[in-house]
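Some structures are shown below for you to check.
What follows is a pair of complexes built around chain A, which joins chain B in one and chain C in the other.
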Partner chain A sequence: MALPSEVQSGVIHDIGYRNYTGPRLGRSYATRSLYTQSLRAAYGLGRSGKSKVLPMLVLAAMGLPAVVVVAVVVITDLKSLPMDFTQYLTSFGLFPEIFLAAQAPVLLSRDLRHHIVPLYFSRPITRGDYVRAKFAAMASALMLLMTLPMAVLYLGSLLAGLPFGTSTVHLLYGLAAAALYALLYAALGLLIAAATPRRGFGVAAIMGMLVISSVIATFVLGLNGGLRHDPVESANWAATLSPATLVDGLVNQVFGLVTAPQVLHAPGPLAAFVFAAEIAVLVAGSYGLLLRRYRNV
Partner chain B sequence: MSTVIKTDGLTKRFPRVTALDRLTVEVQPGVVGLVGANGAGKSTLIKILLGLSPATEGTGQVLGLDIATEGPAIRERVGYMPEHDCLPPDVSATEFVVHMARMSGLPAAAARERTADILRHVGLYEERYRPMGGYSTGMKQRVKLAQALVHDPQLVLLDEPTNGLDPVGRDDMLALIRRVHSDFGISVLVTTHLLGELERTCDHLVVIDGGRLLRSSSTASFTEATQLLAVEVTDAEETVRERLSTAGLSVRADGPRLLLVEIAGEDTYDTVRDTVAELGLGLVRLEQRRHRVAEIFADDSAGHIGSQATQATPATEATHAAQADGPDDIHTGGVPDGTAV
Partner chain C sequence: MNTTVARLTVRGLLGRRRALILLAVPVLLLAVSLAARSSGNDKHDLAVSVLGQLGLGTLVPILGLIVGTGVIAHEIDDGSIVYLLAKPLPRWKITTTKLAVAVGASWVFAALPMLVAGLIIYGTKDNLALGYTVGAMAAGAAYSALFLLLGVVTRHAVVAGLGYALVWESLVGNYVKGAKTLSIQQWGLSVAEAVAADGVLTATVALGLALALLVGVASIATILASAKLAGLTLTSDE
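The block that comes next holds the complex of A and B.
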């Protein structure tokens, strides 16, 4: 009696079990594989069509305004970009936040929910490798999201014949800002996502954290006279209350992008140091808690 | 590699319970059943064998590698099929198994090739390209087995692989597990709380209870013939019993119309036949009793409790009593072997 499948297709031949004698590439390869898979998953690649919709929409929303800006510059023959690279990231900062809220739970909550985590740990990688791969994947996905529009702006500014040196330096400022956003957002977002196996809770909690902290920061800024025509310098300390304003304030101060007193910035070199230290503590602390979270899974 | 798993005085204590208590066991290549009630320490043992959880005391080797220091090397050579569901629903079986192969260190091309092979071996064909959320329990169990085998391990640890399957699916899975050893040459450690299915599948059984080793021996020795004769009559078993006792045989009742007669010699069969015929009764059954794996729980655990009387709680005694009642199923209130879930 033949197997039904052989009858139906007529091409499947049972050639028996074959042993694998090829190379086994070990832990670091496995960690890299997890990184690649997670980065792809953050954009819905290798998953169902439905899960590609949101990340791709956010990517488009983040990139399209850059195309418009470039078009305006080229057509109207402007002498500089109407919007600096870092300014672009601040103006469209909502999109990386949405991306983080939607996709950090995809990377962590999904593995918890479907009990895939123990399966990974039954393979060569360690708990530390898992956290490292997921963190790198989330940060890279965010970085990619923010680099795309800046690349468009940069190429456009070269196309429009804007000074090469200035554009390049400001692009580097933008990339540095994007890296800080990516690290800080990834650390905070993943920590929250790892706390719940429910994706919906993760999305809501991350978005809530970002929105509420930024509302509080703006509120405190306004209370201290930071929103007036002649802003009170010390009101800028309010930027420490929210991840987005924290990076924005630090970058503006350090790279000398404070073209007007209304631009949010760390008030003074000491403040810049405090802002930087806060970012470092938040990233390292979240990463450490994340490691601890997985120690007993 | 002669010994697949070897433990020596393996102990695991949690703050409130002792999950494993000085477990010393040696497992040879083949299909080995790890038997024990829920909470007997099976999953704890698997975790320790994978090098995921350190033992409180004692040592152990898997494939000749030390569990305390060579965990990553063990995990590269061992496959693990967890008891619980572990499949993301929005990913296809192919995509998932390829990823797990790479997580075991296989290069991308080899991972794809072996995934195609192994999914065919476990019996997944066209459906492998569909998201796994729509799979039946039987298909999911096959994918779980496939991910444990895809990197061609030397040993697979299967945790309750027949859970939730209907009788046909269970038979298929058991046949597949036999093939994993006979055709693929991979040693198997399979846990279950259903004893009947292990009698058919395993070469060797390791029985643990309350973290202690009850017995470790070949399946044949568990089921060897006893010196007992089961006699089933149509009626009046009390009279039969008296007559046989008078004839000098040792007899005890074992359920309605069923008597167990100790075999004194060849003429015991004649005595039973003649006695039943004289009384004008029908003889339904006359057969030499075989041991069943379940008996070990009825007998040995009773002794275990006796010697550990101070530690035994009423709850465990109740569990043991229930085990004695349900011969094929250690899991109290579980489903007897061969019955649809």
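The block that comes next holds the complex of A and C.
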């Protein structure tokens, strides 16, 4: 039906399709954002309260004993820390392991289960960037977790008037150990987490791998006479069987922290080299397999 | 028991590559026991450390965790449990069927390899291998029931279960005497001690108490899981 001509006042302007021509932040910015988001997600920041519970509990469980140690040093006026920085990481090593098992699947499995990964790869970032950002985030999260109690110990030992030089050097030893733990754990944990879209299986598999391997390492150590009063030196090779003892043994040998023959250590300089090589192969190998895993998603 | 539910649960638990994860447990146990047999150490110490520490102390709880949460938590997690709950089946029947599958899996993948490992290391002497096997069966059943309950109650069942098995039973249990009374592992050990010949094993919990607690925890966990499943709310992933 034709309308009166005075009503027909509407006009359609053809302005064409406009592409965005402004500045683009690019691939490295996207990778950095993914890193920041993943690191925050590892601690549940920016997520619901429920997902903050576990990382914060682990962080508290890792940090509180350090406060107690410092309190003991201050009150009883000790001349040295009752527990060295690296020793602290060994004694409370269960908590970084739980953190890894719980949070590595948070970073990877959910992206797989909800089929988010193709969406990432439709942006400028490549699979290399994705794996790099996730790996860096997991390693940084673990590093933060282990640095916090060591910072408390360090500040506490300075306040208690312990020698500045020794404390600083031992703090550096502790940081080096923490970095090795972080790299090795992140590589192994993410590889397992990427293999399953089910979070529960990922958690159990990572924890199972870490716990069972360390029980077996202790068992083999005992089998070869490493738990006696006069331990057999070569029994220390059993440390190569588990990620936790591997780092512990290497660090104790390299930094000369073997105060008693019972302390787990790489037996000799050649063994230290083998331990370091095993860590390097495990990290590089897991990283490579992780990259391979994302070749098709 | 409902055979269809059982069949679907078994497929969910063992399907695809997941059976390989479970198979890792017996393979590891047998490899370690063969290695232990060939070493010249005291057979009794070896049996206690392989079957007690590695088997009953580590592999049984971890396997119980995987199968106990595996039979139900994943279905709740991905929402497919609603198709099962929509069927005209009483909820307690679903729970008991899934529990039976979990218990069966923990017996096949943990208790049976423990028996073989025990026979390899120690032979049939003193009923030691049999004792640990019966202990592992009892503990495996209780772990399955407890972790199945956790799977129904919380979305973080595996983490909570790990917290119980590792932090409470292993870490706290090593330092605090009282914690051992509330540990499924110790109850299993108490059963093992009763079956094995006198004085071969030592347990911290009395047999009567251990049996009562095992049965009590398993049945209460199953009843609670059924009740919880009857009014299940599906929540989204956070």
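Details
The working rule: the second predicted complex is superposed on the first by the 275 of 297 C-alpha atoms of A that agree within 3 Å, B and C clash if a C-alpha of one lies under 4 Å from a C-alpha of the other, contacts with A are read in each partner's own complex, and residues count from 1 in each chain.
Simple rule for what comes next: a contact is a pair of C-beta atoms (placed from the backbone, for glycine too) under 8 Å apart; a residue touches a chain by one contact, two chains touch by 3 or more.
As the structure is a prediction and not an experimental result, all values here were calculated from the model.
Touch criterion met: A:Y120 reaches chain B, while chain C stays clear of it. Of the two partner chains, chain C is the only one that A:I212 touches; chain B does not reach it. Of the two partner chains placed around the shared chain by superposition, chain B is the only one that A:L34 touches, whereas chain C remains out of contact. In the superposition on chain A, contact is made by A:S48 with both chain B and chain C. With both structures placed on the common chain, the touch criterion links A:G16 to chain B but leaves chain C unconnected.
By the touch criterion defined above, A:V203 reaches chain C but does not reach chain B.
In the superposed model, A:R24 makes contact with chain B only, not with chain C. Within the superposed three-chain model, A:R228 lies out of touch with both chain B and chain C [touch as defined at top]. For chain A, the partner with contacts to more residues, out of chain B and chain C, is B.
By the touch criterion defined above, A:I98 lies against chain C but remains apart from chain B after alignment on the C-alpha atoms of chain A. In the three-chain superposition model, chain A touches both chain B and chain C at residues 47-48, 50-51, 110, 114.
Every residue of chain A that touches chain B in the complex is listed here, in rising order: 5, 12, 14, 16-20, 22-27, 29-30, 33-34, 37, 46-48, 50-51, 110-111, 114-116, 118-126. Interface of chain A with chain C (complex): residues 47-48, 50-51, 54, 94, 98, 101-102, 110, 113-114, 198-201, 203-205, 207-208, 211-212, 215-216, 219-220, 222-224.
By the touch rule above, chain B contacts chain A in their complex via residues 50, 52, 72, 75-76, 78, 80, 82, 84-91, 95, 99-100, 102-107, 110, 114, 117, 120-121, 125, 131, 147, 151-152, 183-185.
Here chain C touches chain A in the complex through residues 18, 21, 24, 28, 32, 35-36, 39, 41, 46, 49-50, 53-54, 57-59, 62, 65-66, 69-70, 73-74, 77-78, 156-159, 162-163, 166-167, 171, 237-238, going by the rule given at the top.
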